[in-house]
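Next, two complexes with chain A in common: one pairs it with chain B, the other with chain C.
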Partner chain A sequence: MVQILGLFKQAEVAANATEALQQAGYTNQQFELLTDHPYPDGAFGERVTKHRLYVFPFIGALLGFSVALLLTTATQAAYPMVTGGKPILGLPPMIIIAYEGTMLGAILFTVLGIFFESRIPNFKAGIYDPRITEGYIGITLDCATERVNAVEQVLRRAGAEDVLTKE
Partner chain B sequence: MHSNGHLAEVTEEEFTQDVLGRHATTGPRYRRLMWITGLLFVMGIAGFVLRAVTSGFDEREPWGYFAATVAFLITTAGAAPVVAVALRLVKAHWRRAMTRIAEMYAAVGVLTLLMFIPLLFLVPSAAGRRTLWFQDTDPPTLGLHSSLIIPGAPHVWVTLQIALFVLVSLALLRLSARPDMAVLRARASGRLAAWGRRMSAGWLGTQKQWTVFQVGVGALGALFFIMLIGTVTLYCIDFGMTLVPGWRDSIFAAQQSVNALQGGLATTVLTLWLVRRYGKLEKYIHMEHFWGASKILLALTLLWFYFWWSAFIIFWYGRQPAEQAVLQLLMFGPYRYVFILAFVFCFIAPFLTLLWNGVRRSTWGPPLASAFILIGILLDKTRLYVAAYSVPNDEITAHLLEKVPPTNYPDIIDLMMVVGAISGAVFVYLVVARVIPVFSMWEMTEGIRLRAVRPFLKTKMVVLGKPD
Partner chain C sequence: MQERVTLTSTQINTDLLRNVLKAPLWYWLLMGFLASITLAGSIAVGFMVNKGLGITGLNRPVMWGFLITDFVFWIGISHAGVMLSAILRLSKAEWRRPATRASEVLTVFSLMIAALHPVIHSGRPWRTLYWAFPYDFSRGIFPDIRSPLIWDPAAIFTYLTGSTLFVIVALVPDLGVIRDRTTGIRHHIYSLMAMGWRGTPRQWKLQTIAGFLLSALLLPVFVSVHSIVSWDFAVQIGVEGWHATIFAPYFVIGAVFSGVSAVVTMVILMRWMFKWEAYIRAEHVDALGRLLIAIGTAWLFFFFLEFSMALYSLEDQEIALREMQVFTWPYNMLFLVFVVTGYLFPVTMWLFRGVRRNLVLMLITSLSVNVGMWLERFLIIIPSLARKSPLSFDWRSYHPSIVEITIVLSAFATVFLLLLVFAKVFPLIPLFDVKEGQTLADNVQIGRKSVPALRVEE
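Showing the complex of A and B:
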């Protein structure tokens, strides 16, 4: 497979190029847009990206809360020392530790989630061109070696200023 | 011309070129400021060592100004990233020029965390004291409602809280700067490009990356906000209020939290003005940024008074002996002049400044009010923490303060530590501003693309695209 990157100076032209690719038989699941800043979802007719990042903080918070509750409850239950006839467990300090445990879990899992969903570290770097940081829009897709010329023609006809390939 | 065909103040490419050009070089004035703040920071470290050697960690009184400075740094530099977080959450478009300026203060958190460590040796265990931890001794002396023993309270838990707060601030800065690091990777040269290569961590700018990035920035921002309130709350209670017998104020933590929001915004606005003035960045930082911030600053200044008044009135009308002693210690006794000045600078001066529409709608009014607020916060923390740390060790378990300690005036070592710590914070910020662009370039270029100036009848007006 060969990676192809078409570079477009105008965002409007890049949006039209995705249509040209779809007319040439490529679905929006097969190409990817590269931009220097976020564009609104669907601005280029690209696929809706899915992620599960929102799940990570909740799982982390739940785990952290459970561990904190276990720590404060189980340690007291294991060595119960009744002083002055008062109950073993006191809610106010347990709430503080539960809060800290919850936040510890939520923060660590959010950071892990960002790493996981962003696929960091990414040892197989995709095709890229510094002009994207100048405001160019990149359209990248993988295709079989025998189709490289055809895809390049589609991209150039659609207005690509340059087309790069990478084995 | 804007790429959309409309007139624009500056194009994306002009902006990126300009920022990269400025970022690549360090001017002589900037270098001089780094030297001055660096040397003052070293002087502060010397002051700390002198204090540790001459006074040790047995008595709290010599460390009052140090504790006040830690509180000042948490309330100002520590809270500054909240400006970026809050304005991103409400999708305020005028935020773009100030978000990075605010979130770069996250790096100062490392200094604050290091400065917090010595304070752990000064505050006794929560057992047998009236604290947030409701922890009694064995046998019980306080008659608390449970016999729960929390190991390490409050030290371990406040340290964990502040460490997590610093971690989430740094993670926010690190994540938010990632797309800009890709710009450095592609367009800078030498060490800056190598730094950008390492820090961009394979950033390409795919739609998936942008989506995860924006959700991640939002999630970390929300967690940062929760951690900020938690940090301010635990620090001011465990390392301030509970050291004074009879000082039981349920509003204090909320008032300190509002003070942190006020301090964070004031720090950002003042830095924005300094960056605009001395970085010659009038092209990107306009009156609208100060105007937008000034309205929130005015609201927070009024809130500061509301919370202070709510707490004060309870003590004032309560008039119990313990409450009278606390009022004497913190407001009308040995620190009355500091209290009056703090009140003037935290509330009266910024309120009277920001009251006027013409002043709010200027580039100098909001920074002036911010400077007042920062002076006020330093004075306020001084009267709170220096007073609290002047209570002797053997009195902090009492029911009330029998004898109000006299004024603890700063000596040369205190001044060295206070000036050194604040200079250290500025020094850290200056260093970080050399490796991370002072503007959030991805947000600025997005803003340029979404903004156009179009003719309207006989004038021109800004048309803003709002994607969501």
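Showing the complex of A and C:
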């Protein structure tokens, strides 16, 4: 398989190119867009992103709460200090620590979720060109060696400024 | 409000990465100057640890002095950041773009410095380890979680971790831009930090959601942190002036007031230092000024409530304290300066549009707020302690020593230094955010005038 990257200067031209690719028989599951900033969803006819990021904070919050509860209970039980005849386990301060633990767990797992769902780190992610961070829009796809020329033609006819290939 | 300038991606990269790729000589000189003040502060800390707390102005009953005042102050500054960034992100305020990262980074560094203060104040910094962390298993001694001095590290640790991760997550796309513009060892380091970022729609979608989600998670933490800091005082039943139920919201709103003012100071300095006139415009400072009027007035309401309710109690001790704060030298002078610089001068000035759009005046007024807010913390802490209580056998006033003054001054220099170091390595304005703003902006014709409109993301 060969990786192809078409570079476009304008969003409208790149959107037309994805249509041209679809007319050439490629679905939006087969090509990928590369841009230097977020565009509105569906601006290029790309596939809809599905993710489960919202699950992560809940798992983290549950774990954080459990650890905080264990820590506060264990420290008080390990060094029992009776103050004014009150119970050894002081619930109001435990709520404070448990709250912070819950939030910490939720934040840590959210960040893990962001990286996991964004598929990073990934240092072998495929063909790329620094011009993308100069504002160019990249359309990348994998195709069989014998179809490289045809795909390149489609991209160039659609208005690609440059087309790069990588074995 | 929208006075947008049209900029290309290349121009944005060049402008916002200029300092990262090649810093001018004055930048290094300024960092060297600030580093020398930081060094002086470090020497002062070392001297204090070596000689003991006796060389400070602390005494019985004023056990908390400049360092704790500064601790509360820096915790307050740290609230700017994430609060401003989070609320503006969640409300999709268009003018947030140049200010978000700067305020988030200010949060991280001021929080780090704030957290150092009680550790230094303890006099034996290493001991704070087993005061705060449950590790000393061999002796069966564990932190007492009923103490607010344990709630503090828990809250600060959560906030610092969350804020730092917030900054890191939003930095990844910009690290990809720097990676593409560096060579040699710097390219390898930035490549590693960019983690293979390419800018796919999936990555951008997650990046956008991450901004909202982390904002939503950090907002309740930010409220809890300063509430807990206020409880360091409020749960003390023996100190008049501290034992007030209103302390938590009063501290939170005060923190937001001083923090947002610090962000104004910072963005104005950024504009001047890095020549970012096209990015940080008068409209941004104007919007922050309007926001500050509302926040400042809310703070005044809480201040009034706290003060008047104390007088309303008609308790002798409470009234004696207020009398000391307002009429006794030198607190009366400090009180006057606090009220004028903290509210009357800046908020009155911000009522005028011309002032809100004048960067010099905005710099002066935003600095003025923080002079006032520092004094506010001082006036809460010191006079409340420097009084004879019914069971006091020994009492006196408080005069900060040169060691404490040096440490406090060096804290300001260190935060500034850390910000400069950050700005040398990473962009202080998120490039992708500015570029997105450019893409979403559009001109609409209204009558004979073409004005910038905004297509809001769905």
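Heads up, the rule we're going with is that the second predicted complex is superposed on the first by the 150 of 167 C-alpha atoms of A that agree within 3 Å, B and C clash if a C-alpha of one lies under 4 Å from a C-alpha of the other, contacts with A are read in each partner's own complex, and residues count from 1 in each chain.
Everything below uses one rule, namely that a residue touches a chain if its C-beta (ideal position, glycine included) is under 8 Å from a C-beta of that chain, and two chains touch if they have at least 3 such contacts.
Predicted, not measured: the structure shown is a model, and the values here were computed from it.
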Simultaneous placement of chain C and chain B on chain A, clash or fit: clash
Partner chain in contact with A:88 - chain B first, chain C second, else both or neither: first
First (chain B), second (chain C), both or neither touched by A:107: both
Touched partner set for A:10, first chain B, second chain C, both or neither: first
Which of chain B and chain C A:78 touches, first, second, both or neither: second
Doubly contacted residues of chain A, that is, touched by chain B and again by chain C: 11, 32-41, 46-47, 49, 51, 53-54, 57, 72, 75-76, 81, 83, 90, 93-94, 96-97, 99-100, 103-104, 106-107, 110-111, 114, 117-122, 125-126, 128, 130, 132-135
Residue numbers on chain A that touch chain B, as the complex places them: 10-11, 32-41, 46-47, 49, 51, 53-54, 57, 72, 75-76, 81-84, 86-94, 96-97, 99-100, 103-104, 106-107, 110-111, 113-114, 117-122, 125-126, 128, 130, 132-135, 138
Chain A partner contacts - residues on chain C that touch it in the complex: 8-10, 13, 134, 140-147, 150-151, 154-155, 157-158, 161-162, 165, 168-169, 172-173, 176-177, 180-181, 191, 195-210, 213-214, 217-218, 220-221, 224, 228, 431-433, 435-436, 439-440, 455, 457-458
Complex interface listing, chain A residues touching chain C: 11, 32-41, 44, 46-47, 49, 51, 53-54, 57, 71-72, 74-76, 78-79, 81, 83, 90, 93-94, 96-97, 99-101, 103-104, 106-108, 110-111, 114-115, 117-126, 128, 130, 132-135
Chain A-touching residues of chain B, taken from the complex the two chains share: 3, 12-13, 16, 132-136, 138-140, 143-151, 153, 157, 160-161, 164, 167-168, 171, 175, 179, 182-183, 186-187, 201-202, 204-216, 219-220, 223, 226-227, 230, 234, 442-443, 445-446, 449, 467-468
